[in-house]
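Can you keep this structure in mind? I'll have questions shortly.
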């Protein structure tokens, strides 16, 4: 295989393209239009590159690419496997959409320091690609930290003291858990297994006692703070101060998905299903995740701030995937992987809508949305689609992932988890559906009384919202490519 | 303390012999290392007692500050220079036997003598310098 | 070339003869250039020595041509070669900036002798590292220490004087303890040659003087090493010394205490005696952990950044002690690598202080307000070195922590592993305070502040760059540390 | 016999130390330290005989010199508050 | 009889060393006057000389001496070591005194607590 | 510069050197000459070569005085020891002026030091014609007031 | 002969040590500074001299003897000067109770030393 022809070269490009994009963005800072064009071109190039990798994965063997060897016998390397492929596809695809949305949003909202914003956004995407294509756990950790650091300027974008506080929480929890727990787990894994490679069936099986394995699993589950298992979820609601495209990045494209993706990948390729399903600790962690699912949903119901409600919704949904990982069987893996994609499309739609509402009406509270359906019909329709998908109702993609999750739980002998999923679905309905209902069926009242003018958002925003809503539908209709992809991974 | 007759006279009598003793220790120190240190201390002590009894100004007149400062450096240069000389003469660092190809022991004698001289000069220079700064500037 | 054979002697002799010559040069500028030349020549020699050690093995050089039991020998093994490179390298890198760096920070009348004293420190430090004779080690230790006290006292801030005196008193106590320990070993073995000592100590584990000797050397080295709770000299000394001096000391001085400890434990006493018989792990590990926490915690509350860095040094010293105390290969590799790596970071950070003091006249939080815009390159170096101090992946700090945690886990000390990373989280707090102030706040005054001059900026950038490069490629540091550990025959 | 002498002198040293500690005037202390010095000179010389190292004699001579200087310096410093010329 | 001497002397010196160590440390820790601290440091260092003097008594402590003809010199002997230690001690004391001189020039005091007070308004408060 | 006293100092120094060296080796003898020259130069610069600093003129007659002085020292040593050790501390401190008839400073110093050297008496203060003496017991003072020591020191100075 | 020498030297050293101890006792027992000065003299003269003589007898006529003599000479020259210096300082300091010089502080006649 020639260097570029191999998917090794493409993998390097997947990390390098957004970095070059970031450099281009900085260099083109004086010409905003050209700058934004650079972002879009980079996004498309990245997506093409990732798609090429996917094709290569379909047809041939997986090659590895060693970038460096910071620790002897423990290189920084890129490799591709189905789950990572899916994540890379979702992230790179949604980046294009998010960029389209961001162009409209940032200009309409008169944000400062847009060059910095786009540059760090691109760097964050590069880090995400690194996570998706990480060939071993060390590499994954490196890019995981890079993602944390590169998103910090985005979270604190406004520079207000509130943003600064949020930034502290964000960084404190994410770096704290990753260095304090995740890293310890990684080093512990290395100490026992002698390697950190992702292998089918795991590397720890047979190397550690149940106690150590349980300890490691717990360290991973809580140490991957981006998965936002309670009590390490606070950063996510705090980061709501950031501009909406950043929220999209956090909630759908990259950050939280990187967390659950890592967890899923670790359970699958580091522990192996056999080891995890036999551990006492697994049950305890399942309980913690289940608690997060329910508790976050309940909190979401009480939130009047739209973005905060969505944030707690994300916390809840993430623990679905954590649970999927802890179910530790192929169906759970399938459900978890699929949920990464479906939740991404659903949640990004919701955030785009929330951002659109903010830009158009400067409203941030659920209670202020009465009657908004008339002013912003397209936006609120999309919001309804996103909500239905998250809840798991047909004809939207969320149905499939929930289906596989429940199947995995049921056949894996975790019947009580089925009950959790059921209750949670009910709660989803309670906190999501009232929003479009208010918008469409309640008259506009309160202080903002008066004739409601149609005030839609910039066209780019609408286009983006349309794409993601259609995505929710498309994934319902054509889930097979993803399922095919995922079924090639997972169990040995 | 100039009015202090007894101390003054005793010091005057003492100083030349202390200086001589310092040089004696310096020159006879080559039968075992360490002579240079003692010699330096004694040499400086002679000046220090003189300075205490007669004051700083007469002391500086006898031993200018510039000379003291240069002594510090020159001693070290002498010390390390001998080592380099040994290197250049084909031995290893501080291998004095190369100084006299016919009689290594004599070479060692010479080498140690010079090295100890360097040590002595430096030590006495340092002590004098410190005393001078100390005495010059400190008052209770 | 024949002169190459004499490098072990020359590397000490050249700065030794250069120091007095430097003092005789009457012009400060002349002695500055002279000192730069000497430092780089020494650095080059240390690299050649390193190369020879790696290719040919340990070099033993008998001073004066006398065989080991009678004369003094200089020994270059991988550990000492690494220390030689660190000490002379830091001197070489830092030296060009000193003339500007000491501009306002050194009392006028001391400037003439500044470089001579620095070379004296260099002589002493290199001597400590290279000598194979215990008493000679003490002599070099005192040469380095005396010159160090003088350097600290040269600070133009009058507080440098009591700081230097305290440093002197406590340093002398430490050195005296070491001297007593050496005397006791001499009493038991009748030799001062360290290799000889080790040979003759076999079977003397129950000798009281020997046990006392270890205790004395442990305490003495700990003081020199600023190990909690005998660290009291360090904060004031580093805070009030001229920043360039702090940079050099921060990178090297305490490290020599660590070196002496490692040298005596492994090359003289043997780890069976030190750890098996005397259980010094019970001193080193608790003191190391306590120091790591205490240093970082106190650093958080500092307003003077030099003081903050000083306390951070105490914390970092704790890690090194911990690594030594783990008594296994990875722990010691971690300690040795951290000796080197921390040198790079602290060197860079104190150089930044020098630059900031040069431009703004102080280095408190107030001066750092808005510095990200005023001195962007300097602050970039600060951020890189700061991230390294935190232990972010792809920096040198990560590598050291990796091995420390690995060592702790291998020793079965999980809680220690967690504490190591948990304490490094505190580093996030104190570094982040600065970064926040520098990038989120605006300067209170409106003076135009220029970027640091090249003589300061280039070395700082070089060190910051090394923080990253040696974090990605660890062939140099870890490889040599591994060899050193193998050579020291640790825990096999 | 050198050992006996050394022990006896050590006893004497201890007695003088009592005076050095008790004072009460600085002159008492200076005097005590001076006597202590004389005793130390003898101790070093005797120790040289005991271990058969004549080089100790140089040491005790040096110590005698330092003792003298020390006493003068201490007196001058106590009396005048400076060691050099009158400020 | 000779053994008794050696025993007594050896142990007297040993305990003397310990006593000096403790006294020196005590003075350094409890005195605020900088000169007194330096005096304490000197007493402390004197303990080392005693340790090295004691070495002379312990059998087997004599350093190996090179054979005549090969070289004139022997491994450093205890007294040389003591001498070196004394030189170091003197240098340390001198430097300490020189520092005290400058401290007095800058602060007008050599009492540690007064010096701390004098700097107090200038020391960094937590922001 | 090259006065008789200077030459004398040089000779005395060189004698001491030879005595200390004990080795009749040409190298060391030459070094000795250099060393003594250096010392003489330094001594000259320090202005210590005068009748106070190098009282060579007293040397010959001192040979007569010193044995007597040593005998006095021995006697008074025993005396003071007895007083110190007697259970009831047999002392009776007193101080008085003792006439001093010496003409030169060197002589005066010799007298004062002799007084101090004999335990039991200490010279407190020296005046041109008298010395203030403190005694552990009045008896020693009376003995000193006899004037024998004064006379012997003056004889050492050379009688007129 | 050698035995006689040994006994003689032993006696001398014992005597010297005796004076040293006596001096120490005096330093503790005697009531004031001026009284203690005499006791200090015991160590400087009787103590030192006898000890040195004892050692000289042990050494025979060698370089060691020369050095011992030198030490003795040095002590005999400097000890009285030091004692006198202390005494004089104490006198000026006004420590002597029955000072016959009534005009000490009136600068009537400054003492010459």
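Remarks
Read from first to last, the chains carry the letters A, B, C, D, E, F and G; within each, the first residue is number 1.
The criterion applied here is as follows: a contact is a pair of C-beta atoms (placed from the backbone, for glycine too) under 8 Å apart; a residue touches a chain by one contact, two chains touch by 3 or more.
Since we're looking at a predicted model, the values are computed, not measured.
Shared contacts of chain F and chain G, meaning chains that touch the two of them, come down to B.
The fewest steps needed to get from chain B to chain F, moving only between touching chains, is 1. When the C-beta contacts at D-E and at B-D are tallied, the pair with the greater total is B-D.
Taking the CA centroid of chain G as reference, the farthest chain centroid is that of A.
Distances between chain centres, each the mean of the C-alpha atoms, put A farthest from chain D. Annotation: 25 Å between the Cα-based centres of chain C and chain E.
Averaged C-alpha coordinates give centres for chain A and chain E that are 66 Å from one another. Note: centroid distance chain C to chain G, computed from Cα atoms, is 52 Å.
Rounded to whole angstrom units, the spacing between the C-alpha centres of chain A and chain D is 82.
In chain D, the residues that reach two or more other chains under the touch definition are 4, 55, 58-59, 61, 65, 68, 72. Residue positions 18, 25, 37, 44, 63, 67, 70, 74, 77-81, 83-85, 88, 111-113 of chain G are each in touch with at least two other chains.
In chain E, the residues that touch at least two other chains are 71, 73-74, 76-77, 79, 83-84, 91, 95, 100, 102. Under the touch rule stated earlier, the contacting chain pairs are A-C, B-C, B-D, B-E, B-F, B-G, C-E, D-E, D-G, F-G. Against chain A, in their complex, chain C makes its touches with residues 387, 390-394, 398-399, 401-402, 405-406, 409-410, 414, 417-418, 421-422, 424-425, 428-429, 432, 436, 440, 471-475, 478-479, 482. Note for the complex: chain E touches chain B at residues 71-74, 76-77, 79-80, 83-84, 86-87, 90-91, 94-95, 97-98, 100-102, 104-105. Those residues of chain B whose C-beta lies close enough to touch chain C in the complex are 69-70, 72-77, 79-81, 83-84, 86-87, 91-97.
Residue ranges on chain G touching chain D, taken from their complex, read 9-10, 13-14, 16-18, 20-21, 23-25, 27-28, 33, 36-37, 40, 43-44, 47-48, 51-52, 54-55, 58, 63-64, 67-68, 70-71, 74-75, 78-79, 81-83, 85-86, 89-90, 92-93, 95. Per the touch definition, chain F reaches chain G in the complex via residues 19-20, 22, 73-74, 77-78, 80-81, 84-85, 89, 91, 93-97, 112-114, 116-128, 132, 134-136.
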